[in-house]
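Both complexes below contain chain A, partnered by chain B and then by chain C.
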Partner chain A sequence: MHAILTMIIQRLGLGLITLIAVSFIMSVAIEFLPGDLAQEVLGQSATPETVAAFRAELGLDRAFHTRYFEWLGNVLTGDLGTSLANQREISELLGTRLYNTLFLASIAAAISVPIAITLGVLAALYRNSLYDRLVNIFTLSTISTPEFFVAYILILWFSVTVRIFPSISDIGPDLGFWEHVYRSMLPALTLTLVVIAHMMRMTRAAIINLLASPYIEMATLKGVPRRDVIIRHALPNALAPIINVVVLNLAYLIVGVVVVEVVFVYPGLGQLLVDSVSKRDMPVVQACCLVFAITYILLNLTADILSILSNPRLLHPR
Partner chain B sequence: MADNTNTQRGTKGDVLLEMKGLKIAAMVEEEEIEIVHGVDVTLKRGEVLGLIGESGAGKSTIGLAAMAYTRGGCWISGGSINFDGIDMLNASAEQLRDLRGKRIAYVAQSAAANFNPAHKLIDQFTEAPVLHGYSNRSAAEADAKELFGRLRLPNADTIGFRYPHQVSGGQLQRAMTAMAMSCRPDLIVFDEPTTALDVTTQIEVLAAIRDVVEQFNTAAIYVTHDLAVVAQMADRIMVLRHGNLVEEGNTREMLAAPKEEYTSQLLAVRTFKKEHQLEVTETTPLLRVNNVSASYGTTPVLFGVNFDVHKGQTVAVVGESGSGKSTTARVITGLLPPSEGTIEFKGQALPPDYRNRSKDELRQVQMIYQMADTALNPRQRIREVIGRPLTFYLGMTGKQREDRTRELLTMIEMNPDEYIDRYPTELSGGQKQRICIARALAAEPELIICDEVTSALDQLVAEEILKLLDRLQSELNLAYMFITHDLATVRAIADEVVVMLRGEVNDSGPKDEMFTPPHTDYTDLLLSSVPEMDPDWLDNLLEERKRLAEEEGRVLKAADN
Partner chain C sequence: MNEFIKLLKKAPPTAIFGMVVITIYVIVAIFAPFVAPFSETEIVGDQFELWGDPYILGTDNLGRDMLSRLIFGARNTVGIALITTAFAFLVGCFFGLLAATLGGWVDQLLGRIVDVMMAIPTLVFALLLLTIFGTSVTTLVLVIGILYSTSVFRLARAVSMNVVVLDFVEVAKLRGEGLLYIIRHEILPNILPPLVAEFGLRFCFVFLFISALSFLGLGLQPPTADWGSMVRENATLITFGDITPLVPAAAIALLTVAVNFVVDWFLHLTSGLKD
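And now, the complex of A and B:
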């Protein structure tokens, strides 16, 4: 356990450095975007004098590094700053959005991960059968179809043809839990269809990869039924790659949902990011990117810890 | 628990397994090839049958067929298999599953690979008895502890609660035998169970397997390539070659008077012994390993190793796996710079790192490896494999290089016209090793380090390689540093012997001295552990060791047992 603790501390340290690097790269990227908030707000017809005055008011006329380090210092002391566009506290702005995004990701994960792993195990068990092929074709089709298209198909089926789910996720602050789940159903299903193929195929491949191992032959020669050979003997040894791909997809569920949120007008982080970029609201964009980077770092750390916990060689050294 | 099944076991002497006209086919490159051509095997209850032969003889395949099982790409294409009245080839999958593990069990060559790394030993032991309804979990657990004890595993009560990687190879092999015993099967198939072990560890495993098979009156098929091992274990032996039966008979009778030429050849291996024994006259050795210590990262692996190799001499470095033999070779070649000490060549200290050595310094020491397969680039023709060192070290090109390549092929007894354009995959294992030898010779070295060069080869092929190396030595006045764990090889070719143990030189001296007592305890253990053809050898050895322990207090036993 001591080794795991050391690893966690090391990785958190490295994660902090990564975050700073990410924030710097983001700031530079935003700097290269044409125009800034002052121009966006005042529009094409504003005189250069007005724009310059507004810029000075917002502090945008200062040098890049001055602004960046001021911002970094504030963030490190826990102050994300205020939105340039509407002067609201960013932490407050992010709070509900982040909650909504995590909520959606959780529902999608709760549906997709068990289904993907079950389908993958079954595909390995009945390898090359009709079932295996059908599952492969289905999941590959869903992953090859653009997300917005999947989303519109689902809307067509479930909101237009049979009216089960709402096509717009009207999420307000006072929504009950089940109502929230209900209204998030279509975006969650869209996400499920998008991520399931990757996880299912990795599960199948990781298990099949192990089927040639001597200990699998041994299990067969002990008279263990094929189902148990796969579940008891192959699956525990295939966990590390499966965990990694699951986590990668979880990260995608949080970070990569922009399109789906836009289609369903779901008030999550992705929408906020898109809005803020078009408004050149730099502090908000920065904050969103930080949240996304933190998600990746924490999830990858979780994957590594789980991989260690699933491997007796690492957990119980000689 | 063994008692309640005794009634269904029947009496010793009844036929338990009968395979008639067994044919097994395999798919090789989309072509169907028969690999076992109609072999008859009969096994009585409580009998131990040895299947021996070289690689490709079909012995493992036949052993597994007794469980109506074939490996990927193979299938049973003809004949019949009858196990205790059950027609195995027409049995349902469910019937077979019920037999496997319960009435017929399997012990594999590599216990480390055949135990599931994700589960504790005890969980793997209890799986079959619980699954087959032979016993419940707690009874099976208690039985595991008892069997572990019978197989002389240390800490029998707790060892089961470890994971496979926490247990040594010899112990794992015995735990696997215990696992095979868990349902008290009528038949156990042992597939080379001691081949992957050091000789010193092998003894304990052999003795444990034999005792437990006798105690429970279990029939066994014992598959091995080692005639001396099978002599200790089997009542009856079948000699196989290329999927055919060569000879079958009672162990003692066959060893005393083999009927077939091939059997005599197998019995006669390692009769080769090099004739000339070199007298060392010069004072400066060709190679001096001078007080060398080395470590991998922070783990020290060599501790003050000292020995010399003189011109034209063969120095055999022997020891168990992990004793530092190959690491010493890595230090000599400069792949692993030592933390202390020097490597001297003709009295001159070589730079510790190969990157700082001159081309000529590199040229003088060449290596030949255990796995000729992986030591040859599969995408290069033989012309390129041998020609490259000629260009690299000696600057040969064009016709000169071509002529020299052909000359080298002739030296290793391979016809240049036939082989020079081939790829390594088109050669047999022995031929590949010959090409590796030619590649080493191309550099015109004075010292060749041979790292287990015959270990991966069949006995008869290994014999030919040793003869070739010996001939080349006397023709070219080469020195060999011969790393091996096989004492029969040492006896055949060494002038000097260096015994290594845990990164240190435990014992060293001229061969004749090393093979005559008195020895250090470890040399004694190593020498006495080499199996001999005599069927009584194991019994005598165990008795002798027991006597030594009781009367003189000398305990000869491998460290990890």
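And now, the complex of A and C:
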């Protein structure tokens, strides 16, 4: 237990260091903002005074280190600043958006993870069969297709040809749970199709990798049925890479939703990010990036810790 | 040459399909002005004309010929993705080999920098950088190239680590050869196969990534014909059951599938696995 605790603390420390590095990079990047940005955001009528005020608001008139620590302090106390575009509090803006994005990602995860693992185990079980080859070709094609292609095909099928689901996710604040699920069904399905391939292939590869090891041969030789060999003997040992790829794909679900959110006009964090990038609304972009980076780093950390827990041998690297 | 033809004959159907598709794309991209019936940006008809004569795939939201834009799009989208991938490889391989050959603190420093860069999701990082530097073709190539060079760095470093410790590298060092000579003549030829396969895969990722950015309106800027933005511009047609906007998206998908098929075959060949 002691070793595990040290490991977790170590990983958390590493995550924290990465996060600080990330925030630092983001602040350095702002340093390179072109001088005409103020002009661009404020429009033609900008006077030298308003430009100066704008720069003061971004903190560009102060030295880099003062600005960085000030921003860090504000973020730690929950103050993310105000949007340049509409002067609203960013923390207020992010709240519901983040909730919506997490909601969408959870639905997609709830659908995709069980399907992917089942398909992967089956593909390993019936390796080189017609089923395996079909699944292989199918997953290879979904990996290679842009998300918006999948999204529009789904729209074409499910909201134009057969009118089952709405093509635009009109999510309001006072929507019932099931109504929310219903309206986010198409984006969730798109995400499912996009991530399922990767998870399924990794599950298959992890199990097939193990099939060559002596203890599996031993089990086969003593007459254990093939299905039991895979589910009882191979799967537990293959858990580490599978958990890893599942959690990494969850990270992708939260971060990769950007395109899907734009297609379905889903009011999530990704759409906010894209809007803010085209408006060059720096504080909002910065806040969104920070939230995404935190989620991503946390999930990576979880993947690390879970895979070590599921395979104690990783605790003692040689 | 003979051996090459023999090899081609043994290629699986998927790989042959891939190679044929890639060849067609390359020819269309190179000879775009001669193949396309109309010009890239000229407004030739009404908005959203249907498929038929003279506009084979109809016209887009401004009345430009869809087919011509599709053909020019091959040149723009694929071309930029190629340049970006090449740039990513130049940067990634150079630093990866440098880290592997020099070792020590150089290796440590570069490794940590790459670790931090990879801790930020690529799309988020790219959007942050594009907000700051704006969206011109040059910044697009530089930003995406540098972001994707991180994984190239890791691969190049990992594969050359195995080569650096071999005797002939030691001999070259003792002979007094310079760092660049060792990298180019001793290490690079020995790690080429995995790098070539990686180039194909990275190209797919970069290509999809640029298309996604263009789709979001943050990649190639109008009026340049580009498959990602063509989907976005004409997306409203989908709700009327018209599949025109799906054609450029399908063009993207077809090329990535083709490249993947060829890379799969190549990996199989160079891994020395026999069926």
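The rule is simple: the second predicted complex is superposed on the first by the 269 of 318 C-alpha atoms of A that agree within 3 Å, B and C clash if a C-alpha of one lies under 4 Å from a C-alpha of the other, contacts with A are read in each partner's own complex, and residues count from 1 in each chain.
We adopt the following convention: a contact is a pair of C-beta atoms (placed from the backbone, for glycine too) under 8 Å apart; a residue touches a chain by one contact, two chains touch by 3 or more.
Note that the structure is a prediction, hence the values are computed from the model and not measured.
Look at A:106: by the touch rule set out above, it reaches neither chain B nor chain C.
Of the two partners chain B and chain C, more residues of chain A are touched by C.
Contacts of A:244 after superposition: neither chain B nor chain C is touched.
Applying the stated contact rule after C-alpha superposition, one finds that A:277 touches chain C and leaves chain B untouched.
By the touch criterion stated above, A:259 is placed in contact with chain C alone, chain B being left untouched.
By the touch criterion defined above, A:26 lies against chain C but remains apart from chain B after alignment on the C-alpha atoms of chain A. In the superposition on chain A, A:209 makes contact with neither chain B nor chain C. Shared-chain residue A:96: touches no atom of chain B or chain C. After overlaying the two complexes on the shared chain, residue contacts for A:143 are found with chain C alone; chain B is out of touch.
In the superposition on chain A, contact is made by A:153 with chain C only, not with chain B. Taken together, the chain C residues at the contact with chain A in this complex read 115-116, 119-121, 123-125, 127-134, 204, 208, 211-212, 215-218, 228, 231-232, 235, 238-241, 243, 245-246, 249-250, 252-253, 256-257, 260-261, 264.
Within the complex, the chain A residues that touch chain B are 212-215, 217-225, 228, 232-233, 236-237, 310-313, 316, 318.
Residue ranges on chain A touching chain C, taken from their complex, read 18, 21-22, 25-26, 29-30, 32-34, 140-141, 143-149, 152-153, 155-156, 159-161, 167, 251, 255-256, 258-259, 262-263, 273-274, 276-278, 280, 282, 285-286, 288-289, 292-293, 296-297, 300. Of all residues in chain B, only 67, 69, 71-72, 97-102, 105-106, 108, 110, 113-119, 127-128, 131-132, 162-163, 165-166, 179 touch chain A in the complex they form.
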